[in-house]
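Each of the next two complexes has chain A plus one more chain, namely chain B in the first and chain C in the second.
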Partner chain A sequence: MDWIRILTNAAGEIFAPATAAYALAAIGLNIHFGMTGLLNFGQAGFVLLGAYSYGISAIAGWPFWASILAAIGSALVFGVLLGIPTLKLRGDYLSIVTIAAAEIVRLVSRTTSLTWLTGGNSGLTKGDGYKDSFEALCPFPQGTTAIGPWEYDNCLSSSWWLRVCAWSAVAIGCFLVWLWMRSPWGRVLKGIREDEDAVRALGKNVYSYKMQALVLGGIGGAIAGIFYTMPSSIQADAMGRTMTFNIWTVLLLGGAATVFGPVLGSVLLWTVFMLVKSVLRDMDLGFITPTQSESFSWMLVGMTLMLLVIFRPQGILGDKKELAIDVR
Partner chain B sequence: MSAETSRPPGDARAAVARALADVPREPGSAKPDPIIVADKVSRTFGGINAVEVEHLEVQRGAITALIGPNGAGKTTLFNLLTGFDRADTGTWSFEDRSVSGKSAAYMASLGMVRTFQLTKALSRMTVIDNMRLGATGQKGENVFTSLLPWLWRRQEEELTVRADELLARFKLDTKRQDFAGSLSGGQRKLLEMARALMTRPTMVMLDEPMAGVNPALTQSLLGHIQGLRDEGMTVLFVEHDMHMVRHISDWVVVMSEGRIVAEGPPTTIMQDQAVVDAYLGAHHDTDLGDDALLEEDVVEQYEAEAEAEEATQ
Partner chain C sequence: MSAPGHTGRAAPTRPLVAGLALAILTLLAILAMPGPAHAATAPCQVDASTACIGGTIKTAAGEPAAGVVLTIEGEGQTVQATSDADGRWSAAVTAAGDYTITLDTTTLPPGETLRNPAANPRTVSVTLNAQFGALFPLGEPGAAGPTTSPTDGSTSGSTTGPGTTTPDDDSGSGITAARVWQQFANGLIFGLLLALASVGLSLVYGTTGLSSFSHGEQVTLGAILAYVFVQQLGQPLWLATVLAVLVGAASGWAQDWGIWHKLRKHHIGLTQQMIVTIGLSMVLQYLFQFLFGGGRLRIVTSNPVPVQIGPVVLSRESIVSAVISIVVLACVSVFLIYTRTGRATRAVSDNPALASASGIGVERIIRVVWTGSAGLAALGGVFMGLYFQATYWNMGGTVLLLMFAAVTLGGLGTAWGALVGSMVIGVVAEMSSLVIPSDVKFAGALFILILVLLVRPQGILGRRDRIG
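Entry: the complex of A and B
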């Protein structure tokens, strides 16, 4: 077994663009769930909309920042559409509607009748040119750079440039959440999480606050979509239910209602996942084929999620004291 | 309000008593200076008329007690007036403004704040944060300005000072940094009331504020409620303990089976025939504030008589 290669691969996941993207999506979900108590089971829908809106507008020749705004705008519209019918109802309804809505946008974006716009089944690829505006902004010279054992292109696809941008976005997200959590606005959200009727009785417009949280968290997901699809291609099926549950795992692993929980959760999940997958593949076990080893790793992710919720629902960074308060 | 604030405590009670002296002792009687006027308010729950109020006026600046047996519709009436439930029919106004069917947040922003029979402490927030949340008009509660702490830090400090004063008044200052979920039931009642006062209300509606609060603290709570009146606030509260009702209220409204069956000053209300009927069915000349009611044989005797009565029907 080539341990050096396995460990290098696994450690590469620590700062991979996908890890940053998951952290961003989980930061968004943290605004929903950790800060406000909204049960959004359709975060992948926001990710997908962000990715496609960015991709389609970039292909149409929009400048980079305009495409970013397109992604943000799509999350805003989607969030408002989801929120209007559900946020006045009990919490469960939001989860039902979001899970269904995320499936709808996935199925719509891959229908063949939309092939002219979304690429249909095969999605949008590098050849369509959706990466050009981003790569053109790259300040680094052409070519590849090796830092330690990791060597990536400077500007193209899964590049150093992408890593710098994605992790900067994560840092900005964490900073915003940190500011919000310590602000009166965050306090209102927390109050809503605990008991929205009590907050209503104090004269706050709960509906409006929940809408703000839903939209802001959704924007986190949409931005994540851009970085998630930049290294490879935009594929609707890569942003389905599995992704939603991975984002939940990331959030619960790191700790909901914490600032760095989503980042820690994402880094841990993806390095461990990569480690298990590579080890299983290298061990050359007779009874597990390479494809099965991937599925087995997914099973482990599911197990992790279950064990977490049962034994450490506050996550790694969560406040144990806060959890000791049983909510009556 | 400022005129009332300057009045020495105790005077308020006398003034309210004078104002209410000529009010007829009958259900739905008109008050000289009503803050709430409600007409034909009704709410049914699948066949049960939980609330069916023909007319109700609540005097401004007074402490009005709302009493009645379990299931009389007191909490439901509270819910309707404060916008937490929708009435089937009826109109009502608050401070001469028609507010029927308005949202709970809107009612609270007009200055009508309530507490709940089943206390709503925000468990995983500290006591002081519970209090801060109550303050209205906070600049930092906007999603954008919240990111610029220097815009709201001053205000935050000011309202923290006020919160600490209230906490001290309610003997919760030692619990300041604890999670509200770690408080006892009675302490939560106190916290909820203190938090409601953070909104600087003109009217407070308390649903059983004394339930589960220990007798020593009850005394001081009663003092606080009277203090609210002395500051010019209007108080409407639900309470089952007749001693307390008699002790602090200026006016008593009695509900039974959704209807208002009697109104009057606390000293004489319990002699009202309709009230006695509502509570005890047949027991006419009983003082419901009488300690004799607490003795077991009396209760048994009443129960036996009630059963006999039912059997004959």
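Entry: the complex of A and C
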């Protein structure tokens, strides 16, 4: 077994673009769930809309910033559409509607009738040119750079440029959440999480605050979608329910209602995931094929989610008093 | 579907509903319009005795690859297909079974190679009345599908992935009276199967307040058990069904004993429990994938026997399943109305504290409900496996949201609501494929769910006080 390679690969996950994307999506979910207590089970829908809006507008020749705005805009519209029917109802209605809506956007974006727009079930690939505007902004020279054992292209696909941008976005996200949590606005959200009626009695428009939180968190997911799909391709099926559940695992692992919880959760989950998968694959056990080692790793993710919620719902960084998972 | 403005509460949302409906109609219109690429092909039409195999071939640069010749062989048939100017190809076959698809690499555009030469020729397991995709990606050999980082981890959501095939049902084109009747009949049958699966979900919700996301895996469990008993242990189908239901029910009993009862005892909140069911659903789903792989498992390998009833052609299996479903659902109703335990179940659903105070063993009732629900889900799973002509590791995951839609539509926590909701969802899903492409037909059903929540959040048979 080649331990050096396995450990290098696993450690590479610490700063991989997909890890950053999961951290960003979990930061968004943290605004929903950790700060406001909204049970959003459709975060992958926001991620998917962000990725496709970015991809389609970039292919249409929009400049990079306009494509980013398209992604943000799609999250805004989706969030408002979801919020209108559900934010006045009990929490589990929001969860069912969000998961259904995320499934609707997934089914619609992979239908073969929309192949001309979304690429159907084969999705949008590098050949369609959605990466060009982002890669053109790259300030680094062409070629590859090795830092320690990790060697990536400077500008293309899964590049250093992408890593720099994705993690900068994560840093900005953390900073904003830190600011918001301390602001009067954040305290109202926290009040809604703890006791909605009390906040209402204070004369706050709970519905409007919830809507703002839903949209802001959704924008986090949409931006995550851009970074998630940039190294590979835009595939609707990669952004389905499993992704939502992974984002939840990431958030609950790191700790909801904390600033760095989503980042820690994402880094930890994907590093360990990679480690388990590669070790199982390399051990050559005979009774576990490479595909099975992957399924097994996913079973572990599910198991982590179950055990976390039962035994340590506040996660690694969270404060048990701070987090009341049971919201209305 | 109640019309907007049915209840007093809905009045302020009426313009909004209208606006939403308009937006969706526009979207559907766009979807229903054949895309520019669609018109050029002479698509293979799927019906009860035909299946289509097809795909799109694109060069490494993403351009369509025209003139690529593919040969489809199997079940005594040989069909040739050539990709058109848009890179699309399709072939019609008339018997279910395994087909070998060979791509003639000499007909590829100059300079193009298969990204995964090992996947050519490829075997596809075909069932009638469905469409199958076989993708042959072009590009550098070895640069195959992504196999690192969390990116590929999400082979989720559907059964697709490099090297596997996707079943897609027929696309909606041309509304004739015959098709309307056919889809309506399919919808009724699918609705009955859905009802079997979702009645339990509704009862569990009613008695414990838990929305169980792992109920879909109970459905898959039934189907996979039937596959194991029939295909691997060589038992007849009826015995396999009975055994699958018994094992399924036992799994429900064990689950309540091992997990849910303990969580309730330790006063773990309902939302927490709900997230636990999500984790459990992931564990079970990937356990099935671990044990049985990601492919399609056919419970019965023979071709379905078509039966003509008036304008409608149904397979004998689906008629038998429908009849059994009706009988079983009637038994469940009789149980709930007339037996002591059934009445106690309804009492617990109504008000657990009061039921407990009047001497009903609430925990015992919940155990009975879990056992029965899992058994019903397993039966639904076996029939769905027969209805779809195959099962796969996340079949339950695909229908789970339809079950939720059915239960919410009928009114959370009411058994008869789940029945009514399932029939509506089944018929809407199947009939919507007359006007929208059938690979989004489930989206249509889920959209109904959202619309209902807008105008009547308590569902068709639900009560106002449940919506909070």
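The definition used in the following text is that the second predicted complex is superposed on the first by the 319 of 328 C-alpha atoms of A that agree within 3 Å, B and C clash if a C-alpha of one lies under 4 Å from a C-alpha of the other, contacts with A are read in each partner's own complex, and residues count from 1 in each chain.
FYI, a residue touches a chain if its C-beta (ideal position, glycine included) is under 8 Å from a C-beta of that chain, and two chains touch if they have at least 3 such contacts.
These numbers were taken from a predicted model, which means no experiment stands behind them.
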item	value
Clash-or-fit label for the pair chain B, chain C on chain A	fit
First (chain B), second (chain C), both or neither touched by A:Q212	first
Partner chain in contact with A:M299 - chain B first, chain C second, else both or neither	second
Contacts of A:M239 with chain B and chain C, given as first, second, both or neither	second
Chain B versus chain C as contact partner of A:I147, first or second or both or neither	neither
Contacts of A:D92 with chain B and chain C, given as first, second, both or neither	second
Partner chain(s) touched by A:I4 [first = chain B, second = chain C, both, neither]	neither
Superposed model, angle subtended at chain A by chain C and chain B (C-alpha, nearest 10 degrees)	90
More chain A residues in contact [chain B versus chain C]	C
Partner chain in contact with A:D195 - chain B first, chain C second, else both or neither	first
Which of chain B and chain C A:T111 touches, first, second, both or neither	second
Minimum distance between Cα atoms of chain B and chain C in the superposition (Å)	10
Set intersection of chain A contacts, chain C complex versus chain B complex	325-328
Residues of chain A that touch chain B when the two form their complex	176, 179-180, 182-188, 190-191, 193-195, 197-206, 212, 216, 321-322, 325-328
Chain A residues within the chain C interface of the complex	9, 13, 16, 18-19, 22, 39, 81, 84-86, 89-93, 95-97, 99-101, 103-104, 106-108, 110-116, 120-122, 125-128, 228, 231-232, 236-243, 245-246, 248-249, 252, 270, 273-274, 291-292, 294-299, 301-307, 309-310, 313, 325-328
Contact footprint of chain A on chain B as seen in their complex	82, 84, 103-109, 113-116, 120-125, 129, 132-134, 136, 138-143, 146-147, 149, 152, 156, 179, 181-182, 192, 195-196, 198-199
In the complex with chain A, residue positions of chain C that touch it	13, 16, 20, 27, 31-38, 56, 58-63, 133, 135, 146, 148-158, 160, 166, 168, 171, 211, 263, 268-272, 274-276, 278-287, 289-290, 293-294, 397, 401, 404-405, 408, 437, 439-440, 442-443, 446-447, 449-450, 453-454, 457, 467-468
